[in-house]
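Each of the next two complexes has chain A plus one other chain: chain B in the first, chain C in the second.
Take a look at the complex of A and B:
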């Protein structure tokens, strides 16, 4: 890959129109050796190449595995998968703002903040190692909200109901959610839940304790939006009441504080606050119904 | 495991919705009426005193009305508000977006409002009845005498520059909290859901806020500057009006001498200081 720097030199960068923004890039990275351990800052320096993304920066850093003062260290750990902003795995806090490292372009970052890039793991999830976090709570929230359509069974259920074009156009943006966690990271109501496993605790007991803690915490914008998606679906609507029960359980829609950061940071531009408003309305009607019609 | 959950957790949805509702009715509605009644000082001490007489014409029922519609809802809204704040982690420094700054301000003004209201009730009303207690807390609390409404309220607000400023800050915080609360209530209950509707609701909430702020600051200015407490002749004239209005009530049998003494300034009925 190193020869690419020679190749890249000479033609203008697509992102910025600049030939060369710097000779070196300093990367300040917040590291942590394992779950529950203390975090610490470390500075790495890599040669500048045009048109890098943060993933390619992390690849160079892992290859050299040494700090700016020449000390050999364990390579910085991170996660990535699709490299085209559809999987959410490489989400981290870059220059103080949560986003995907695959679509975070270095030339743009350097223009915002010359000479240095700052990388931190997401602050709302337990750190596994360095920039790798455990987003289990995010997926548990989808499970809580029954964010799926139960169609598996022994019978052929035939064709589903036909959907109107306008309903499809409203639902499609909600289906673009990649469970990256940006909305949760930026949400002031979503606070970190991190438990420590007790000595001699069985897998079952540990998992039950984590699940209960997660279930009492705020579900978050992504899960609320999925309730609106599946309750709008002609077949999913059959389980609407169950989803609304989950939506009004502890940690549900009522925990939203209307800061509206979720919609501002969502990389897929999902209308999360519209979903939240609609979820509020659905919860109002649902709670009236379940109180007066019981 | 679900049955072991504490009360506040089990009933979170209901409590949050009651918190949201109580902010508008009765707490917010009461605040608007309270500020409007106080702004009547601009029509003269007689108008203001009549308004206070009207409120106190409820007699023994007043304390029930106060507790059911004012004190308990404010205590619930304020204390449950602290529970909500305890679960939040404001980040308007890292994400300085308008909605997020309003989120942080809503919590800051909520805490200011709670402290302000607790102090305000002490400063004017004194929290508890009883002559010995009132003498003990003088001049810090129980400064308001309902049957000398304009004169004692103005003297209380003008007690010191700090007190005058505290009232201005307190009223502004309460009004912001109400106006921004009107906007969030609409989202919480699902009245305005789309960005367009929420933008239009913003204008409405902003207009309500500016209107109530104008009334509130008018009431504040009326007592802070409108009544000239440094002018003994002007104050004597106000006290004369208050005495006359009280005497009318006594003569018509609506107020007993005993009640008059209890709710007049300086524990002597009707005062002729």
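Take a look at the complex of A and C:
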């Protein structure tokens, strides 16, 4: 951001210098009242304030609950929690690009696209309402990949295994994955799976059916990267082959088309394509071994 | 235990460690959470987690000193047995988390690296970059996911806790929850309910807390008769990045790694900070607290930053209060390795690189030391009896509280990197206690139809409240605007500096807002993913807790830890001659003893349906006798001298100064 030149009598210059970019912010939102229903665009207008992000825009819109032509509407639904880009909740498609709405700063968005901000829900997940989507499939992939350390238990067993600084430095970025889903939204091979709950279907039956459908779909870059994280850990390594089994099952690494979009949109700059490359080699080796060990 | 279930509300560090431990002990667990548990507020914790370790031990540290630092830092307001137990478990807690795969930073030789945090002189803090909370939470999330695939844990994510279900003997028999997607309201029978729902920062409007930290679940327990303790003790973190939607934390680890706080000596000096010569900078923490420097306890750092801006007029900016937090003297590589995560946050949200430009920060509401009152059972060694059903139970049998939503460990002020510890520790220790509680529940073989009625009635009551809200006619108050007003009232009256006239006014205003909140109309009356009605309910439930904070602060005429009332503070010594100084110090110690006798007590707030009732309870200080907290006071050495002589004069081995 540009420095503001000091003016007047010793008026403090603000390092982040805020030039007022507009009086009003127009927001175009793609809304949907519920699963399976038609989506529609709606336009809202709120007063510009300095230092806003998309979250504060949505907060102002909720308090106002009116469209640009003054029609009272229900507030736009969206998901968020930490507002500092570590929880992964507030992912949406903003001005055509998938990202976290907390770190999407209005001044930058207006510079990219003067006049208005456009918000859409992620397209690869079923819409729950408005900007809220169901990312259950993403979390299911972590179960599929056994993304955990298989410890004996939680009693006091003394220290963990010693690890080198370089091993930690390799694992740490992978463990920063906050399951936001940006990599999946950007992936051409990751296609939407949306089921409709049947009339009178029990919770258990519905959940089992959803799991089954999800497990045939592509797991995606985040899950592949988690396999590499746990397989690199000195204890996690002990069930590496189970994870590689999962990775070579349908919906596993072979579905990756190497488009490399994932790494470009990851807000945490996780080296996803490095993980995918390594996973590919590990999976190939694993398949050979399994074949000859039969 | 066959067929018995425990409901855990909240899936942060405390809730998940309890879930994982209970599953290991063979108990079936349900977890209810507003968000997918992986997105819980624990992810925001940055700096690290404390324990004594091999290195500090050889420098003279031990668990007792960790206990001492914690109670001294907390101004002696916490019961000491739970803190002792926590300090002694701390090394094992960290070893466990290491085994679970937390990517802790390593030394060159491969051991856990440690940094120094506020309120101690030892490097006790293990850390995983600057995202330690996130890394710890993920490790627990992974273990709980593992138990979920084995059918031992059921997850109810995107569910709101509406209240506990109590039977006619006042025992908690389960809870009522609401699905935030379908809006279904459902009763959950459980043999125990554990609240692990975190802090209540949203009551202050903007804070460092996440949007889920609205205090709603705790308030609903308080409405059902649970006691709320030490509500007035709210930690204001010294260093946060001001923002329109949130005040983002800038971790204490920035100072732990050598960050220095300063302001230009010339008010609102317009020069580039890097061009201001050293002698024209005021490193006010280092100047006033040479021993701890930038790592004084949080309440002190906060007050000093507040003071330098508000009273001394030395804020860096004219229109916005802030001071510099400067890391520019540290190498980029070192900063990236140890603080990468938080520096990226600053860069991302402020558009300025903190590796080359000093950050601008100001204090923000950060942590609730107060919370639900919980019990404990003291063991002969002065710690806790592990496996006692009394540990962490509220005054409602069968209703437990752990993590930030209880009041147990931090007294009047929390030390940095002790919260991750207390959250995980309380989760681990509540589990064996629950096993004992469950074992004692065999006599309660319930009449199925009777308990069926109990749950249906509870569900029905919540359904009616919900339907009535949806049926409100339009044109009433706007819940989002009332929330903003409440935040302003609370921030003005009940944060860094507190004055009785302001607090009394805030109580009145809060009561007015509470009345107005009853008249909220909804802008969404739909029955699907209605965030408007969920927010309105949370807002209405903020008032009992807001009033507990204000009333507690108004009544407490002293300064202790985070609760600072200048009108009732212990002054510095003014005299210059040694004799006169000595006399003043004697008087100071007399005053301190009188004040301790009156105020070293737990505030207990109860809600009678309409207002807060306060009472007080003695604090167990049997392990470490209270002593004055003298950070930065003029004449501290004389006071300390007098104090020590008095203590020596009346020393009775083993006896505390409990009143």
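For the reader, a short list of remarks on this structure follows.
We adopt the following convention: the second predicted complex is superposed on the first by the 270 of 294 C-alpha atoms of A that agree within 3 Å, B and C clash if a C-alpha of one lies under 4 Å from a C-alpha of the other, contacts with A are read in each partner's own complex, and residues count from 1 in each chain.
Methods note: a residue touches a chain if its C-beta (ideal position, glycine included) is under 8 Å from a C-beta of that chain, and two chains touch if they have at least 3 such contacts.
Keep in mind that what you see is a predicted model, and the values were worked out from it rather than measured.
Contacts of A:160 after superposition on the shared chain: chain C is touched, whereas chain B is not. When both complexes are overlaid on chain A, the residue A:276 reaches chain B alone and has no touch with chain C. Shared-chain residue A:84: touches chain C; no touch with chain B. By the touch criterion stated above, A:114 is placed in contact with neither chain B nor chain C. Within the superposed three-chain model, A:261 lies in touch with chain B and out of touch with chain C [touch as defined at top]. Looking at the shared chain after the overlay, A:200 reaches neither chain B nor chain C. More chain A residues lie in contact with C than with the other chain of the pair chain B and chain C.
Shared-chain residue A:53: touches chain C; no touch with chain B. Residues of chain A that lie in the contact sets of both chain B and chain C are absent, per the superposition on chain A.
Of all the residues in chain A, the ones that touch chain C in their complex are 1, 6, 10-16, 33-34, 49, 51-53, 55-56, 59, 62-63, 65, 72-75, 77, 79-89, 102-103, 105, 128-129, 132, 135, 139, 142-143, 146-151, 153-154, 156-160, 162-165, 167-169, 171-172, 175-176, 178-179, 230, 233, 235-236. Within the complex formed with chain B, the chain A residues making contact are 96-97, 186, 188-189, 191, 208, 212, 216, 248-261, 264-265, 271, 273-274, 276-285, 287.
Across the complex, chain A is touched by residues 20-21, 24, 35-36, 38-41, 43-44, 92, 95-96, 98-101, 103-111, 128-129, 131, 134-135, 138-139, 142-143, 145-146, 148-149, 181, 210-212, 243-246, 248-249, 268, 270, 316-320, 337, 341, 345, 348-352, 357, 360, 428, 474, 478, 480-481, 523-526, 528-532 of chain C. Partner chain A is touched in their complex by these residues of chain B: 1, 5, 9-10, 12-14, 16-17, 84, 87-92, 94-95, 97, 99-100, 102-104, 106, 183-184, 187-195, 197-198.
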